[in-house]
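Across the two complexes that follow, subunit A remains constant while its partner is subunit B and subsequently subunit C.
Let's look at the complex of A and B:
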C-alpha cells in the first residue's frame, strides 16, 4: 500500500472529542425513552468502532483521515438568501412533485409542499412522527442488530435530529414523485448533518422516491451522514433514486438499507457526482421469495474527487433475483472504489444474481479499485459478476474523426453514450434530466 | 420433462453424496528407518538441521535471522477457513530415511525400500525405467533421495539437483537468488520455511538453453508428526526455457501435518518458465479428520524483458490449501499466466488464487481459475491484480468460474483489482452455477450414465486449464479428478 496509514489515535481523537458538541442540541429534547436508548446504543457502538481506517477491510481503499481532521458544528437553521431560495426552487423542486426540503438538516416549510400529501400517502418529519406515530417509527428504527451497525450508521443513530417518515398505504399506487431534497449551504462554518429517512411501502403499493443531496457552494466543507431505511411489504414496488452532488470539498458517507418481503421489487439507482470523499453503502436484504432487486449506479468524478460505492445483496430465501450495473467515468486525478457483495445463503436455491462494474478511465492520474465478491452457499444458483477498466476505444474515435468530428467532441460523445446507457434506465423523465444535469460538469472537462 | 430431470438430479446428488467416495490410493505408509530430530523448534533445532546438511555459515546465519523474525510474527487468520491451533513445538522439523546418507549420491545407491515406495507412487527412480522425457528429483520427508538424469542435463550446463547439493556446490548462485523473490520476512509461513527448510529442488538453466527434458520434483511426506518444509528455486537465464512439474502425496493419518513450502522463480530477458503442479496431498476423511495443511508461498519474478512465467495447478488434495502462485511482472513486455483447477470434496477447504503485480510497461497477464466444490467443502478464489503507476498499457484478463455439486458446499470469489495507471485495460468475469441439468439430460439420453455424464461435463469445464499441462500430467490430472469425483456426484 502506498497510501499513508493513519494512526487511529490522533486524528480520530479529534473527531471523538466532538461527539459531545454534536450531541449537544439533543439534550433536553422531549422524545420518548426508547429513542434515548437507541441514541445511547448508537453512541456506544460508535465509540467502539471509531472512524474506520484503511486497516479495516471495508475501508481498505478509502482513507478518512481528511474527514476526521475537521471540527464540525451541529447543523443550524436554514440560512438561504431569497436568491438562493429561488434558485433551489427552480433547479430542484418540480412543480408536480411532492417536495420535502431540508436546508442544513432542518425542514424548510417554505420550500416544501408535503402538507397535503396524495391519498394513501403519509409524510411527516421525524419529530412529528415521534409525537404522532411513534410505534411505527420504532418498529423500523430498532429493526437491525445494533451490534452489526457500521460506524456511520451508529453515528447517525446517535446524532440524528431530523428526518422524514413516509408511509405508502396498502394497494396505493402513488404516481407523484416524492422528492426528499437535502440542501447544504453553510459559509464560514463546517456543519455535520445526520438525516434519517424511513420509507415504508404497504402491500401491493407502488411509489417513486428521489433523494437528492446538494451543496450550493463548492467551497463549503461539511459532513453529511444520511441513513435511509426502506421496508417493502409483499408485492410492493419502489423506484428509488439517490442523487448526490455535494460541494466538491464536502464529505458524504451515506447508507441505504433495504428490507424486501415476498414478491416486492426494489428498483434502485444511485448517482454520485459530488463531494471530496463520497461513500455510498447500499445494503439489500432479500427476505421473501420472488423478490427482485435492481441496483444501478453511476459515478462521474473529476479533479481529485474520491468516490466509493459499496453494495451488498443478501439472498436469504429461494427464487429471488438481483441485478446490478455500476458504471463510472473518471477524469483528471479522480479515484473510484467499487465493492459489490453477493451472498447466497444455504436455503436460497434458484437464485439468479448478476453484477457488473464498468469503469471508463479518462484522466492520466486516475485510480480504480474494484472488488466484486461472491459468497455462495447454495448449489442451484446462477451468479455472475464482472468488472472492466479501460479507456475509450481508439477505433471508435477514429471513426468519428474520419467523419469530421473533432477528437474532443468525439470523446465527449462516446463518454455521453457510456453514461446514457445507465441514465436511460431511469423511467421518470424529471429524475433522468436532473441526473444528467448533475453529471454534466464532470463531463464538460472533456471538451476543455 | 426438464423439471423432472432437475428434480431427479437434485435427489440423486444428495443421495449419492452420502455414499463413501473411493479410497485415497496413495495413503500407504513406508516402514523405513529414519533419522529424525526430536520435536520442537528453537535455535538449536535450526543449528542441528544446518549441521546435518553441512551448510556454510552464511546459510545458518540466514536461517537464524529468519527464525528471529518469525518469532515476532503472528499466525495470519484472514483466509476464509477454520482450523484448530497449530502446535509448532509438536512437530519434528527434520526426518530423513537413514540410508539416504549425506550429500549427493548416484541414483543406483538409493535404498531399495525407498525406491519401492516411489515405484508404488508411479515414479520409477532407476535410470533404465525412467519416465520418458522427465527428470525427477524425489523428496522424501525432509530430504531429496535422488535426482535422475543429472549427467545428461549437465552436458548442456543445466543444473538440476537437490537444494542441499546446490548450497554445497553452487553456493554463489543460491546466495544470489534465494530470498530475492520471497524474502524471509514475507509472511509467517515463509519465515518459518526460511528458518527450517530441509531440502527442495534447485534448477539453473544457462543462457540460451532450452531444457530438453521436463524437470520434476515429487514430494512425499511419510513420517508421522513431522512437517515438510522444502524450498524450490528455479533460475532461467537470458533466452532459456524450462518446464517444471511438481507432484505430492502423503499417507492417510488422523493428525494434521503441515506443509509449508516456498517456491521462487526468476526469469531473465526472454526466458520462459512453466511451472505445473498436481497436488494430491491426503485430504482427510469424510468427517474432516486428518489431512495436510498446505500453506505454500509461490512467487515468480519476471525480471527480464519479454520474460514469461506460467503457473498451472491442479489442486485436488490437502485438508486446507492456502496458496497464491504469483507473478511480479517487472521486465517490460513480460507475461504472467495462471491456470488453476481446484477441486474440493469431503470437508476440504481451499483458499487459492493468484497475484499479478504489473510493474513493467506493456506487461500482460491472464488468469483462468476453475473451482469445483462438492460434499461439505469450501472453495475460495482470492486474487489480486495490481497495476502500478509505471505499468503503461498493461493488460489483464481474468476469468474465474465455480461449479457447485451438492447443497452443503460453498464457493466464494474475492477478486481485488487495483489500478494505479489509467492506460491499463482490465477485464474480469466470474460465474457460479451448478451442473447444467440440460447438458446432463442430453448426455444421458445418448446412453451415458450419470457419473460418466458429469465427469465429461466437468472435464470440459476444466479443459482450458488441462490444455496447459504437459501431456502425461494432463492425463494424470483427468484421472485424478475422475477418482475424486467418484461417489461425490450422482
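Let's look at the complex of A and C:
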C-alpha cells in the first residue's frame, strides 16, 4: 500500500470504514443505558467531523492524512515477554508509586497495584466504575456539550474499551504519586487504543498524578487516542503531568480536559518526547473564582517527528489566574506546532493570564509554527503572551569556549539548560527524572 | 611567555588594532590603559578567540612546554585549555545552567586536556566552595544559573572566582574594575594577587588608574587609536590619571 497514491478524502473514507470493526462494548460491560447512548453520540459526532484535514483551522499545520491511511485493529491483549515486563517496571514504575499499567489498552493486573490504594483514594478500572459508580462518571461527562466535541474526543467516546477512574475524597492529601502508564507493544499489527481516564478531586484534597504513554518498539505503527477528564472540586489541588514518548512511527492524538471549581489549582505539565505525529490538546475551563491553572510544557523532538500542542484556557468567572510556559527543542528535521488559546468571557473581570512559548531550534531543517490566540471580552484584565524561536546563543557558547569547553559540549550544556529551566518546575524527583530520560535522545543528536 | 607581534584586527571592515607589539614574560603584570574606543577590549577578545574579529596581520605567540605556538591558529577552547584566561568585561548570563555545572564542565575539560582524571562531583563541590570563599561569594551562588540576577559586582567577582578555579598561566582582565565599589574592588584585587606567582603572567586592561593601586603592574602601556603610544613603569598610570590621554594622542 503506497500512502502517496491515496487522496486525502479516500483515506478518510478508509478510516471511516473501520469504525464498525473498532467499535464494541467494554469487556463484560454492565454499564447503564446512558453510556451506550454516549457512545452512539460520539460515533454520530465523529461521522460528521471525520478525520480533520489541514483545511480545518485547528489542524492547519498538522496533516493527518498519514494517520488516516492505515488500517487499524482493536487493541489486543497484553503481549509482553518477561524481559519486556522487567524493562517496563525498571524504566517506568517507581517503587514508591501507585502504578496502574495498561498494555495495549488493557489493564495489566500484574504490573499494576490496584489492590492497595492510599487511604481516601479510590482507583478502579472504567468498566468497574461504570458498574459501581456510574453517577459520578456521568456527572463529569455532563459538563461538556457533545455537539462541540472535537473529532478525537468523539472518537474516544465512541470507541473506548477501557480506562481508569480515580477519586480523591474530600480533604485527603494523597502524597503518593498515582502513575497511569500506557504501554504499546504490538509487532505485526497496527492497533488503535482509546483509553479514557476520569480524575476527580474532592473538596480541599490534593494529589499528584502522572499519565505516561510509551511505545516499546520504534518500528510499531499504532494509534493512541487517549482522553482524560479532570474534575477539581472547590479548593482542590492537582499536580498532573502527561508524558508521551510513542514509537517513531506511531500516532498520538490525546486530549486532557480540566474543569475547575472555586479556589482549585491545576498544576499541569505536558511532556511530548515524540511520535511520528503527536498532538496534545489541553483544555482548561476555569469555572470558579480564585482558581489557578499552571500549564507548563516541554516538547523535544528529532528526526522527522511532528509535535503539536494545543492549549485552551477558558476564563468563565472573574478573579482567576492562568499561567503557561511551553518550551520546545527541535533537532534534525523535526516540526513543532504550538497554539495557545485564552478566552476571557465578558464576566471574567480581574483575570490574570500569562502565556509564553519558547523554541530552541538546533536542526537546519526544522519548522516551528507558533500561534497565541487571545479572545478577550472583558475590559479589566491583565493578559500577556509571547513567543520566541531561536538558535543557541553565540555569546553563551563563546563564554563556555573561553572556559575551555569544546563547542559541541557547550551546545549540549546550553540545550540541557534550556530544558532544565522548565523541567525544574516538576518538583517531584521521580517525575522529573523520568521526563529528563525521555527527552535525552532528542537532545543528543546535535549537529556540529 | 606571551608575545604579540604587529597585530592588525578589524571588525566589519573597520580596523581597530593597527599594529600592536607586546612582550610579556612569566612573573610579570602588564597594564593596558587607554581612552574609550582605543581598542583595549578588542585586544582582550582577540586573545580569547572571539569569532567576530578578523586578524588581518600579525601573530600571537604563546610558550607552552618551551615551544612557541601561534594562538591565532587555535579554537577558543584550546586556548583556554592551554591556560589562557579572559575575565570578561561583560560576563554572560546563562539561564538554566548552574554555576556548579558550568564550572565542572570547564574544569573537567581542562583536566581531560592535561590527561588528568575528572574530579568527582562531590569533591568538585568542596573545591568550588573554597574558591568562592576566596572571593567572599555566598555559597548560595553554587546552584544558581550562571550570572543570572547577579549584581554588577557579583559578576566581576565571579570572573575572578573562575580564574581561581582554573588557575591559568596567562590571564587577561578586561575592565574588571568597572562597576565595582571600593570594597568589592579590594576583594577582587586581593583574589587576583593571591593567584599571582612567578610562573604566571597577567594583562590588566583598565580605563582608570584606581585598580592599579591594588594590582601593581610592572609595566604600563597606553593604547590610543589601535596603537601602543607609550610604555613605561607603573608611574605612567599616575601620570595618565593626572593629565588624561590627550597629551599622548597628539591632540
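Just so it is clear, the second predicted complex is superposed on the first by the 430 of 448 C-alpha atoms of A that agree within 3 Å, B and C clash if a C-alpha of one lies under 4 Å from a C-alpha of the other, contacts with A are read in each partner's own complex, and residues count from 1 in each chain.
To be clear about the criterion, a contact is a pair of C-beta atoms (placed from the backbone, for glycine too) under 8 Å apart; a residue touches a chain by one contact, two chains touch by 3 or more.
A quick note: this is a predicted structure, and the numbers were derived from the prediction, not measured.
In the superposition on chain A, A:421 makes contact with subunit C only, not with subunit B. In the superposition on chain A, A:365 makes contact with subunit B only, not with subunit C. With both structures placed on the common chain, the touch criterion links A:95 to neither subunit B nor subunit C. In the superposed model, A:376 lies in contact with subunit B only, and not with subunit C.
More subunit A residues lie in contact with B than with the other chain of the pair subunit B and subunit C. In the overlay built on the shared chain, the residue A:145 is in contact with neither subunit B nor subunit C. Once the two complexes are laid over each other on the shared chain, residue contacts for A:187 go to neither subunit B nor subunit C. Contacts of A:399 after superposition on the shared chain: subunit C is touched, whereas subunit B is not.
Residue contacts after overlaying the shared chain place A:429 against neither subunit B nor subunit C.
Overlap of the subunit B and subunit C contact sets on subunit A: empty, with no shared residue.
For subunit A in complex with subunit B, the residues that touch the partner chain are 2, 61, 330, 346, 349, 361-391.
The part of subunit B that touches subunit A in the complex is made up of residues 10, 13, 402, 404-420, 422-434.
Those residues of subunit C that touch subunit A in the complex are listed here as 48-51, 75-77, 79-81, 85-86, 88, 91-92, 94-97, 101-103, 105-106, 109-110, 113, 145, 162, 166. Looking at the complex, you find that subunit A touches subunit C at residues 394-396, 398-407, 409-410, 413-414, 416-421.
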